[in-house]
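Look at the two complexes coming up: chain A is in both, with chain B in one and chain C in the other.
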Partner chain A sequence: MKKKFVYGLCFLTMVFMLALPVFAVAAEDTIKIGVTEPLSGTFKDIGERYLDGAEYAAQVINESGGLLGKKVEVIRIDSELKPDVATRKAQSLILRDGVKFFCGGTGSSVGAAMEQLAEKQNVIMFTYGMDAASMTGVKCNKNFFRPGGSTDGRSFALAQLIAKMKYKKVAIIAQDYSFGQEALAAFKKELAKISPNTKIVAELYHPAGTKDYGPYVSQIITAKPDVIFTPNWGNDLTLLLKQGRPMGMKQKVFSYYINDEVTIQALNDDKMMIGNMGAEIYTLSIPTKKNEAFVAKFYKDKGYYPTWLRGKAYIATMFWAEAVKKAGTTDVAAVIKAWEGLSYDGPAGVWTMRACDHQAQVPYWYTEIVAKTKYFKHAFEAPRGMASAKSVEVPCAETGCKMK
Partner chain B sequence: MKQKSISLITIVVLFLVGLFMPFILKQYHLNMLTEIIIFSLYAVSYNLLLGYAGLLSFGHAAFFGLGAFVTAIAIIHIPGISLWNVILIGVAATVVAGLILGGLLLRHKGSYFALLTLAFNALFYAVATKWHSVTGGDDGLSITRPNLALGFTSIPLSSLTTFYYLTLVIMGAAIVYCWYFTNTAMGKTVVLMRENEDRMKFLGYNTNISRLILFTFTGALAGLAGVFYTFHFQFVSISAISPDMTTAILLMVFVGGTKIFWGPILGVFVYVIFQNYLSNVTDRWPLFMGLIFVLMVLYVPGGLSGVIMNIKQRFFGKKNNNGDKTAQAEEVIS
Partner chain C sequence: MSDIPVFFLHGLAYAGLLFLVSSGLTLIFGMMNVLNFAHAAMYMVGAYLSYTIIMQLTGQFWMALMICPVILFIIGALVERFLLRRVHAQGHLGELLLTFGLAYIITELVKWYWGNYPLAVNVTGFLSGSITIFGFIYPIYRIFVFFSAVLVGGIMALILYKTRLGIILRASVNDSEMTNTLGVNVPLVFMGVFAFGTALSGFAGVIAGPFLSTFPGMAQEILIDAFVVIVVGGFGSLGGAVVAALLIGQLQSFGVLLIPKLSVALIYLLMAAVLIIKPSGLFGEES
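The block that comes next holds the complex of A and B.
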């Protein structure tokens, strides 16, 4: 008798707990887009800037009458930079709220997991900042789009820049994991093709998160390169410069993410940065009318500049909205079809979504860090031309993507 | 005898209710319920160690994660492998791991045992993180559920409802088996060992062997839960094997209460539902979960099931327990 009572109570409690969520309020009819970014932890700053760009895009769309007559609603998803956390939260949103569109910019591991989830649940995932080439290569699927850059594109663009500037000796250094290895491999491949006379005088790999760059810097200095190429980011870029410059590593550094205002501020010594060059799909200083108008409006609305991360997320989200507009419906299959081959002429030039691997063909904009700009008190970027989308294109057959 | 039949009726009723859930619940809630059932087995297996045997382990996630990873690796590397073989391989791997770890660890007791299990969990975690070519490292592994082959027919498990039924049947059976286990001679031995090991030794029991069997058994159950965790999410990452997963299960079991068999299941309900709703409201939901945990430990050491027991006591004046000393003493006094 007593056991029965306990079981009864246990059971009732469980049913009650399960029934709780039923009382959730039904949301109004909007087009929902889930933005998966790390909104807590070490990479919070990166995630928040991407999110800001995506939210601004939604704001601009809604101000001009919405998308297909509906408002775009951004749902923040804190991925904690963990693929299982991101997919679990996304899965809930798909099942409960019928969210069909997701995007994100931080962490190729999160992206790869979301890519698989998108295929299984038949939703769309797109990224503007997860750069591992394999995501639109061997791992590609029809539900995943990359209106953004890739390690291949960036390395090609920088190799071309170095060749064009006629440097003969290059030292290359990268973090020793798939991202760094892919970046250097693409760089070497392109350089060997377009400038066979340019020598790689040092090729170094260090563990991600290295604290002491002394041994690496000595090797670079001994090799006497003209310039240095590195895809390092975050602390690995800051420390390389911070420890290398005083040791006598005077060479220009060519890097993926050189125009990050937070890195420049963290260095707190403009001299270490001035002269370094980068290539990025969106930079604040792109000298086009459309970009100037975008930057001016953003600054007026927000009081600060849409630097790289914000700009990339903004343009990618606008590009997605174009695809939905063209499809005329939020039906996933229709949006996929509409996005394939679609071009978007935005602040960063014309972006075209290639159908064979869903990798947008985008131009890369070169920048050089100079002492004075109109944007910040510290050193920041100045435009130095561009690599056209055609010039950094990886042919469909070479990507390894087999679209089902 | 009468109690046993009442329990059996309860189990059958719960199972029947479970069968009807897909008709009542929305997909989203069904998804959550599936997760709850999977974690219930994990929690029950942990409580056999903690509540029944009094072994505080900080390394239970090693088994859970091992089952989860072996599943994903088997599905990826053995094309066309059947669902049953995947489950078999997953559980077999954890049995082997349980025997090895148990053999090494069980001579130690109390804090030594707890810290050693933590160390082994950290070791498993490090291997999963660094062995990128096999485990996918930070990227994790993505899989597709194999079909359920029943000999005469093959049922696709891609839909949530069919997978829910499979989970209900297998996880449910495993949980019922655990409950049955606590009533066997072996199960009673475990409780007696916790209460007075010297006496058990004096009576001629080899307590080391009994503990090893229990440790391996609970490890295998956690592994089975891990196998279904991978099936459920169709994805496994290092989170599944990280010490965080042990913390999570510790929380669930403590919140539910370790003193009765069904307590941890209650804890899982609370944890999973809180996780789903709190994480919508705030990114800092683990903070609130932690607060609840601290408050529970301080003021409600018996957990939620303890609260229910107290309420029941007001009606019947007697406590039901798994042989806990204090409860027995109270019973004697009352």
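The block that comes next holds the complex of A and C.
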């Protein structure tokens, strides 16, 4: 008798515990979005800047009455930059709290794992910073969106810029893994198409995290290029310039992420940076009324500027909110349908979500590093025109994506 | 191929850095038989301290070069006296685990105090310039790195082989009981050796700051290379470390020029080859 009572009590407790999250959800009716970023470890500073942008988007939405009459609630997920950690945490949020929307910007490996999880659990994952082209290419699925850039777009835009500036000899250097190889392949392809007379005089690959760039820089110098193109980022960009400039590597460097304020600060030597150029989907210096208004409001609210990572996460999150608004419901299938073909006219121009591969078609904004701007104590970016979304478009048939 | 001398210089500069980092490691291993996993973390502390001294306090690179090794010497002495000596009785496993844990703790402390992002350490004046050699512009700092290594190696060799202190050191290693009986305070000698080895890592950290990047991953980055140097050179052999550093420096530099696809693997191939042919390393004593 007593035993039965204990069993019964246990059973009741379990039922109660299972029901509890449901009560919690019902009590606090919000639209939850899980932001997966590395919030600890080496890449923490990148993850935190992305998170800041996504949280600011939620703040702006909530200030103006929320989404579908509900508040947007950002749930921070520390991915630790590990695919298994990110998916485990996301899985429990899906099952326990019924979270239907996820986003993130750091680590294409994390993104690819989240992409699979999204399909399996029928939730939506979107990214604004995971750039590997394959995620909206061969790995694409209907639950994954990229309101952001890709290696293809960036390389095309920079190849066009170099062709437009009539440089004849280019040295290209990249980290020796899929990201760097894809970036250089796309660059070479575009350059051969639009400016067959421009020669690649050196093509170098180095391990990510190389310490001594001397032997690479010497080869660049010997090849006598007019300019240098590299998709390098972080320390690999810093050291290329830090060690290359004193060796007489004077050429302009065209790089994916030249306007990263942390890289510029880590160099702490502005003359190594001035004159370098980049192409980015969002930069502080985009000369449009919408962007100026956004930057001014952000600065007023926060006391600092929405530099590139923050801006990208902000715009992508606002774009997602537009899709939810258009769907009129948080039903996943309805939001997917609403987002396909939708355009969002934000601070970085018009972004259009293509239905065939869920890759947003976005313009790329050129920047050049100049000695003085109002934004930063170091040399920083100034606007230098843009490449239209149309000009960097990869045709649907060439992406390798077969949307189910 | 007119640029071959430049690649030779690159090799020398990198060899200099490698030797500076691994000299303390090989000294501690050679004298005390302790494989110090925290060595690279100490090197990182040296680099971060130099940031504080150069960029925040004095603006003087030379000041950092003098002060940092002293601070690291004190840290090294404390670690030996209060931590390492206590686990010494448990043998190598205890020492290994202790220094391994210490490396993690130091890394976290550095992140906590200095932050989790790269810091810039810039040299100014003479060292920041470049000169023209063989018709190529070459940074003076790279040459400075090499000559600092020559200086450190020279001083170490002088102390070890030409002074009374050196005789005591070598005697303590060979037969510590006998040396103890002769009236030498052997525990004090070991504390000094560990402290000096740690000071060397601090010196290397200061030198590395303006050459590489000062960031929380810098310790792990250099640790593997330093271990390769002492494995190839022969555990604990100073001369071996010199030769191994020079070899790896040139291999790295010319590897990138001649066989770029294999350049990363080259130093590990060298290590494997040495381990197969002479497992004790190029200059190691056969046991």
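The criterion applied here is as follows: the second predicted complex is superposed on the first by the 377 of 404 C-alpha atoms of A that agree within 3 Å, B and C clash if a C-alpha of one lies under 4 Å from a C-alpha of the other, contacts with A are read in each partner's own complex, and residues count from 1 in each chain.
Convention: contacts are C-beta pairs under 8 Å (C-beta built on N, C-alpha and C of every residue); 3 or more make two chains touch, one makes a residue touch a chain.
Values in this document were obtained by computation on a predicted structure and should not be read as measured data.
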Tell me the contact category for A:T222 with respect to chain B and chain C: first, second, both or neither. second
Between chain B and chain C, whom does A:Y304 touch in the aligned arrangement: first, second, both, or neither? neither
Give one of first, second, both or neither to describe whether A:S92 is in contact with chain B, with chain C, with both, or with none. first
On the A-aligned overlay, A:A112 touches which partner chain: chain B = first, chain C = second, or both, or neither? first
Once chain A of both complexes is superposed, is A:N268 in touch with chain B (first), chain C (second), both, or neither? second
Quick one: classify A:K211 as touching chain B (first), chain C (second), both or neither. second
Common ground on chain A, meaning residues reached by chain C in one complex and by chain B in the other: none
Touching residues (chain side chain A, partner chain C) in the complex: 41-42, 44-45, 176, 204-207, 209, 211-212, 214-216, 218-219, 221-222, 234-235, 238-239, 242-243, 246-248, 262, 265-269
Touching residues on chain C, where the partner in the complex is chain A: 3, 6-7, 9-10, 13-14, 17, 116-120, 122, 128-130, 136-139, 141-142, 211-213, 215-217, 221-222, 225, 252-254, 256-257, 260, 264
What residues on chain B touch chain A, complex-wise? 3, 6-7, 10, 14, 25-29, 31-33, 132, 138-140, 142, 144, 158, 233-237, 239-240, 260, 262, 265-266, 269-270, 273, 276-277, 279, 283-284, 304-305, 308-309, 311-312, 315-316, 318, 320
Of all residues in chain A, those that touch chain B in their complex: 1-7, 9-11, 13-14, 17-18, 20-22, 39-40, 78, 82-85, 87-89, 91-92, 95-96, 108-109, 112-113, 116-117, 120, 177-178
